[in-house]
Amino acid sequence: MTKGDIIPDWDIQTWLNTDTPLSLSDLRGSVVVVHAFQMLCPGCVSHGIPQAKSIHQAFPPGKLQVVGLHTVFEHHAAMTEIALRAFMHEYRIRFPVGIDRPDPRGNPIPLTMQAWRLQGTPTLVILDAQGHVRLHHFGQIEDLRVGAVIGQLLTEAESISP
Amino acid sequence: MTKGDIIPDWDIQTWLNTDTPLSLSDLRGSVVVVHAFQMLCPGCVSHGIPQAKSIHQAFPPGKLQVVGLHTVFEHHAAMTEIALRAFMHEYRIRFPVGIDRPDPRGNPIPLTMQAWRLQGTPTLVILDAQGHVRLHHFGQIEDLRVGAVIGQLLTEAESISP
Amino acid sequence: MTKGDIIPDWDIQTWLNTDTPLSLSDLRGSVVVVHAFQMLCPGCVSHGIPQAKSIHQAFPPGKLQVVGLHTVFEHHAAMTEIALRAFMHEYRIRFPVGIDRPDPRGNPIPLTMQAWRLQGTPTLVILDAQGHVRLHHFGQIEDLRVGAVIGQLLTEAESISP
Amino acid sequence: MTKGDIIPDWDIQTWLNTDTPLSLSDLRGSVVVVHAFQMLCPGCVSHGIPQAKSIHQAFPPGKLQVVGLHTVFEHHAAMTEIALRAFMHEYRIRFPVGIDRPDPRGNPIPLTMQAWRLQGTPTLVILDAQGHVRLHHFGQIEDLRVGAVIGQLLTEAESISP
């Protein structure tokens, strides 16, 4: 995934916290913040998820959409859908989360994670309102820098929209 | 559980991080620090487990034993043994952990948690070298206060032992 | 001070960390982040100054200028210039800091603080490249929100500049 | 200063937060926790002083005495008595603080700091009820470890006292 790319849509097995499935194409017009995580990844729990929750609370729905992507590439028997539901309840995650579809050919890395060439979790991917990748970061990243990218993309979106 | 009580031994389904089962009676002579937790309890992950790990690292084995007690009273289908093993691997928990035995009569609260009348997780229980309960705390508790209790009990144990 | 205002220039007794005095008019074309603080204000030391340092490190000089404003309105005998110099050395503050000019008529509140109607410290004021106040916040404010304002103003500045 | 030493009494220019001067000999019978600090030392402000305040709040007066020692060895013109008073007001320091006496021969290191061979600030020195040094630590030290030493010394004091 390179900055400026249009990336393929995610491939989701099950959606949580949303009645209707989300797609990248339907989200055109909004800035999209994707937080790829695993529920048993310590860096996700201590850093990535609190950051995603803060973004979800700080910015107006409609102009920015936070989406969690549960990309299980290890401990598959532990991080099941039922476990994820309990985790999301306990950690009060309110934004939509999609479970990345397991590879039917047995690759432990799920399909979206493969397609997007994610290196691990947590990973933050931010897309502009036209769907281009504008930030792609594996590991921890400062709130200040994330905020600046979001501020930039919201401003660009406003100047473009009619 | 009241301060000064001798409490019944734990009732453990499975031990992790130890080749031989532990018992309170075998641990007489050591200060015993029991950290009752659930792997999907946010307060355990952010506070209780780091504290238990710090205690485990700070005090000499032999005189003090840290024991984790996985007291699953909710989300039973999520917090399975296989999930706990993955969790302990990811969070680098090295001290012995016992899985509190589920109630065969279907009470969601496991047997040790019932017998000890624990209110929830995280709970810290500290026993002196004679097996009396000397601290029993539900929720967060300051390292300074925990350290003082441990320092007291180690000193008492030394003055008694031959 | 209201959002959108053009504010009067600061009135500075002494500049530190800069060879030439700065003025708001000379800074037109740059986003300007003013951190009003007192060296003995606990909230400034724990929150405001680390945030100002992070902003100074995160954004390119030339497009954004961080300026400290030492607005001493209490403990005047303690927070002298010589004390401020020692403080800035110990806390490794590298951005320009201006000492707000004491009121010659004896009002304990210094002149810029009066003119800008600041309520206390820490206060963060962010001006766009045209010199309009775009953020004015007394107390703690999240990095995420500060970053978003900066990202917005840098983007606006870029779309305007030739 | 070596563990087990009886150390010479402090040499204090001015006491704050106490009506009567304190002396080590008068404090025999109590555990004494000395926090040597400078008001413009970042590690003191972020770590040492909060720790000393926590100790002061956690343990019963009478059995344990927290004492601050303001050992100014740099930036003398900034860290004056009037500045220290403002600092202690802002940071809500309630335990007694003694200003280490400046060396009349012009050594920048004050007299107690010289006599005790302190390496810098923050330094924590803990004395048992008989006045022996039991902990001497320069830099940061974990609350858990400090608590354990205090718990030990309080227990020893209790077993000795009639």
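The letters A, B, C and D name the chains in turn, as written, and every chain counts its residues from 1.
The criterion applied here is as follows: a residue touches a chain if its C-beta (ideal position, glycine included) is under 8 Å from a C-beta of that chain, and two chains touch if they have at least 3 such contacts.
Keep in mind that this is a model prediction, so the values were computed, not measured.
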Based on which chains touch which, give the shortest step count from chain B to chain C. 2
From chain A, the most remote chain by mean C-alpha position: D
For the chain pairs A-B and A-C, which is connected through the larger number of C-beta pairs in contact? A-C
State, to the nearest whole Å, the distance from the C-alpha centre of chain A to the C-alpha centre of chain D. 50
Report, in whole Å, the distance between the mean C-alpha point of chain A and the mean C-alpha point of chain B. 36
Shared interface positions of chain B, touching two or more other chains: none
Considering only which chains touch which, how would you classify the arrangement: line, ring, star, complete or other? ring
Which pairs of chains touch each other? A-B, A-C, B-D, C-D
For the chain A and chain B complex, residues of the former touching the latter: 40-42, 45-46, 74-75, 77-80, 82-83, 85-87, 89-91
Chain B residues touching chain D - in the complex, by the definition given at the top: 51, 54-55, 58-59, 142-156, 159
